[in-house]
Amino acid sequence: MNVDYKFQKLEPAKSFKAINRAEMYVPGHRTCAGCGPALNYRLVAKAAGPDTIFIGPTGCMYVANASYLCTPYAVSWIHAQITNGGAVASGIEAAFKTLARKKKYDGPFPNIIVMAGDGGSVDIGLQAMSAMMYRNHKVLFICYDNESYANTGIQTSPTTPYGANTTFTPPGKEIPEGKVLFPKYVPQMVIGGHPAVKYVATTSVAHPLDLTNKVRKALTYECPTFLHMLAPCPKGWKFDEKLTREMAKLAVETGMWSLFEWENGVYKYQNVPKTYKPIAEYMKNQGRFSHLKPEHIAKMQAFVDERIANVKANTAIPIPTPSSRS
Amino acid sequence: MAQEKMLTGCAAAARGAQLAEVEVVCSYPIRPYTAIMMELAKMVANGELNAEFIHGEGEHAQVSVVLGAAAAGARAFTGSSGVGVTYAMEVYSPMSGGRYPVQMAIADRSLDPPGDFGSEHTDAMSTRGQGWILGWASSPQEILDNTLIAYRVGEDKRVMLPQMTCQDGYFLSHIADKVSVPDISQVREFLPPFKAHNPLSLTCPVSHGPQIRPDQGAPMDAQRAATFFDVPKVIEEATADFNRIFKRNYDPFLEKYKTEDADIAFLIQGAHANTCRKVVDALRKQGVKAGMARPRWIIPWPTHQIAEALGHVKALGVVETSTCYGGSMRGGNLAPEVRASLYDLDERPLVTSFMAGLGGETIWPEEFHHMAKVLTQMIKDKRASQYSYWVGFEG
Amino acid sequence: MAKVNEITVWVRGVLQDKEGRDVMNAFGQALAKEGKFTQMFDNYEDLPDRVLVPLRKYVRYSDAELEHKYLYTNDHPEIVVIMEPTIVKGMNILKGMPDGGILFVNTNRPADYILKFIPNADVLGAVATVDCFGISGVQTVDFSGSEGGVDAAGLGAGIAAPMVGAMARITNLVKKETLAGIVKDVSAMERGYNEVKFQKLKKFHTMSSQHGG
Amino acid sequence: MAKKLPEYGSVNVPKDREVPFGAITPAPVKTQDLFMTSNWRVVRPVIDHEKCTRCLTCYMACPDACWVYNEKDDKMDWIAGFCKGCQICIHDCPVNAISAVPELDFEDGVVRLEKPF
């Protein structure tokens, strides 16, 4: 059956001035002063505009925002368990499709966005996220990555970097580096296993125009899309709260984070530094790394070097596009 | 016009969902409920049901998907069996807390360990207390009918609660029986379209499920509890309408079979009631005044109806079909509820319980006869000598 | 029922979370060592704490065993401690205080300047200021003692030390020597004890006898 | 049956403790006024309108949406009621037009909430 679901087309913005002025994530919430994920939420909501429904799996962006029966979301929002953001979103998307088919709903198809933390997307929420993507729901799944379970008081997650001090990876005599494992590579996990997904991108709160346009592009695709968004956490990373954007900028400048789009099988990188700064420059302002010894930092640098090599390889030779994806 | 068909319980549940014109269905395979989803999948594929059919990645996802669908204003349907029911446990309370009246069809199956396909009611019984309405059918006809009644009750604006419509795995889910399938126009007369309470919307934005403080938790609990005071009234209304429109004869809460003058009686839920009725007849022929009562709804529990229907019997045997290890009666889940329901009577029956129909075992007529003997002996002894009897394993 | 006395400590989220907990733990432990029955606890609803959010830490103490421990808040604190002075603009910090209470503020500003922002200051018996930032300057961000954990970073190494010293001096509730056996930075504690500035206010006469000064 | 059975009882949630049905609440429009956060602030950002170039960096950098471009007067407006004083705007301003002043130096801006949230 051919049905016009009235999917939205969001044009890219050329400057800050051209971005939706209205706040869709309004002031009046209990997030930390200088909260990276809150800034990220605000930018995403602004980019998406009013015809949007957010699904908020448990995490800081639920607990610190939707506190005590008042919320900062000017658009419709629903809490999901930390486990099931992708599944609840699937149900909402399916409902709007059926209701549109049955002519019980005739408005624009909502932008359906899951705003999940790293735990709610690639740890306990992974199954629901992956299944939503496999089933080809028109949902934008966002992993706002603050690299820990911050809401419960900073515990390690699969995206917490090697060497970080969290309350579940405290450095000690026996385990001097704190966290010994290396993080999951989140976008690759999505790209590698979900043929229905045509668009994946990474963003940082220090690059708001780039972020805005990636959100708008992702929402214009009529398929599942994914954004991995770096959102530095002053509490969990233990840096001065005025440095939130600085940390995101340094992450890109050191290769700890790279900004790219993956569109139909082709990688396109943004803000690639000509020469990468040493990782130590990124780590020195963060209390979570203050216990590390030079050999640990070297180990981290080697890990980051490998990521940088990946960037170079991806830029040089685009990954071939299987016909099913074009 | 209603049509008579031979349908298994699974097919009957699917027919019920089709007649309810469900809009979002979420599946995941697990025996023995699977065929409910097989049937719905065929209907969607053949254009006989205009619904989104979503392949959930597990039962937790199934319940989550229908939660989202109901929040967006669609009538949603899912189902499961056994460990699938318990895997989804996290989402049951948010479902009733958010007042999303989805329906979940359960074909009962034993919980592991290790895998046993047989019917046992422990799966759905484990979800008591999560704010869902729970009912058991005893025939494919009743399965179809309960699907419609449960939606009508759950979606009533005085209620707005999710429902589990349960049937015994295999005994009902896999054995066909005559079912009168009603006409859609009759169903539309009985079941109005679903109207969600403040659904997710673009024109009237809302926040569903913000965090609350401890002092807001208690009133939320109290409000959900208060709703259950109203549910019986709504069940009565819905059953009366259903009986009128479809020419049925359901008691809203409790099927009473020859209980009026009974000396001994069984209380039993689900399919085994069919065997039990026959045994009651046989006992009557032998001169034993036997009877049987069968709760159609376990939540809300029909406290008064049980006291009224069974208060006068001399010995009451609760046939448990679920386990509650280490519980007050070292048996199942029903007997403590039955005893509590009878407690306030001046004179009350002697009550014991029989652990039977576990792991999917058949309850044989001989076993019911054996239970009847135990009950008769209790009357002679003027006491129950045991809280529970593990039928077939008695010491 | 023996009287239960309450101390409420106000701090800024995350940055001073441990320092506030140190004030409540160091002072509470000292009270216990000197024979009081005590209870020290974070305000549970303030958790998880967020950077800069006003947070509350509580001490309750009595001459007899506490009969009721399961409270969320101190509703009638006789002693209120402000570890970051701007909090006085944002919160009704004296809410519930009985007449004659004492306010401790970590500040290098004159007490009168702080009192300008407190319209209900007339309940106070006294105000004491101590420049903890000037004396110690150390604020440790450490989560080991949060959420019911056991502090692994050591008690009283930062701005909490001068504050508890000041509290000992003004309230006479505990001895400086007792605190010296508890806090890490003993000299900062002693400086707080010596350098605290004290000012009697209108309701001073109604202060309970155990509060000297 | 000899005596009347107990009723199920009743539940009466006082008006002031009622929670919305299903905990579903209306969305805020411009600001969430039930949750003012100006009392988090230790430092107030003060803008020098002469130096400011209206580049909107502060506007795009504030997690709490506390810098708004005022088209009529062509200047940046600061939202006092919600600014938590994180100082990101001060740190990120490319022309150093915003400076940090201790909130305690100002006599205005007193909110004195009864609870921290």
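When the chains are written out, they are named A, B, C and D in that same order, and each has its own residue count from 1.
As a working rule, a contact is a pair of C-beta atoms (placed from the backbone, for glycine too) under 8 Å apart; a residue touches a chain by one contact, two chains touch by 3 or more.
Everything numeric in this text was worked out from a predicted model, so none of it was measured.
J.: Count the C-beta pairs in contact for A-B and for A-C, then report the pair with the higher count.
T.: Result of the comparison of A-B and A-C: A-B.
J.: Roughly how far is chain A from chain B, going centre to centre by Cα mean, in whole Å?
T.: 42
J.: Would you kindly tell me how far, in whole Å, the mean C-alpha position of chain C lies from that of chain A?
T.: Averaging C-alpha atoms per chain gives centres 41 Å apart.
J.: Where the centres are mean C-alpha positions, what is the separation of chain B from chain D, in Å?
T.: 48
J.: Where the centres are mean C-alpha positions, what is the separation of chain C from chain D, in Å?
T.: 28
J.: Indicate the residues of chain C shared as contacts by at least two other chains.
T.: If we look for residues of chain C contacting two or more partner chains, we find 13, 51-53.
J.: Do you know which chain A residues sit against two or more other chains?
T.: Each of 30-35, 63, 67-71, 73-77, 234, 241 in chain A touches at least two other chains.
J.: Tell me, which residues of chain D touch at least two other chains?
T.: Touching at least two other chains: 19, 23, 25, 27, 40, 84-86, 117.
J.: Would you identify the shape of the chain contact graph, picking one of line, ring, star, complete or other?
T.: Drawn as a graph, the chains make a fully connected set, so complete.
J.: Touching residues of chain A toward chain D in the complex: what are they?
T.: Residues 16-17, 19, 21, 23, 25-36, 38-39, 42-43, 67-77, 208-209, 234, 241-246 of chain A touch chain D in their complex.
J.: Could you pull out which chain A residues touch chain C in their complex?
T.: Interface residues on chain A, with respect to chain C: 30-35, 60, 63-64, 150-154, 167, 170, 234-235, 238, 241, 287.
J.: Enumerate the contact residues on chain C facing chain B in the complex.
T.: It is residues 45, 72 of chain C that touch chain B.
J.: Which of the residues in chain D come into contact with chain B in the complex?
T.: It is residues 1-3, 5-6, 8-11, 13, 17-19, 21-27 of chain D that touch chain B.
J.: Which of the residues in chain B come into contact with chain A in the complex?
T.: Interface residues on the chain B side: 23-24, 26, 50-52, 54-58, 60-62, 64-74, 76, 90-91, 94, 200-203, 205-213, 216.
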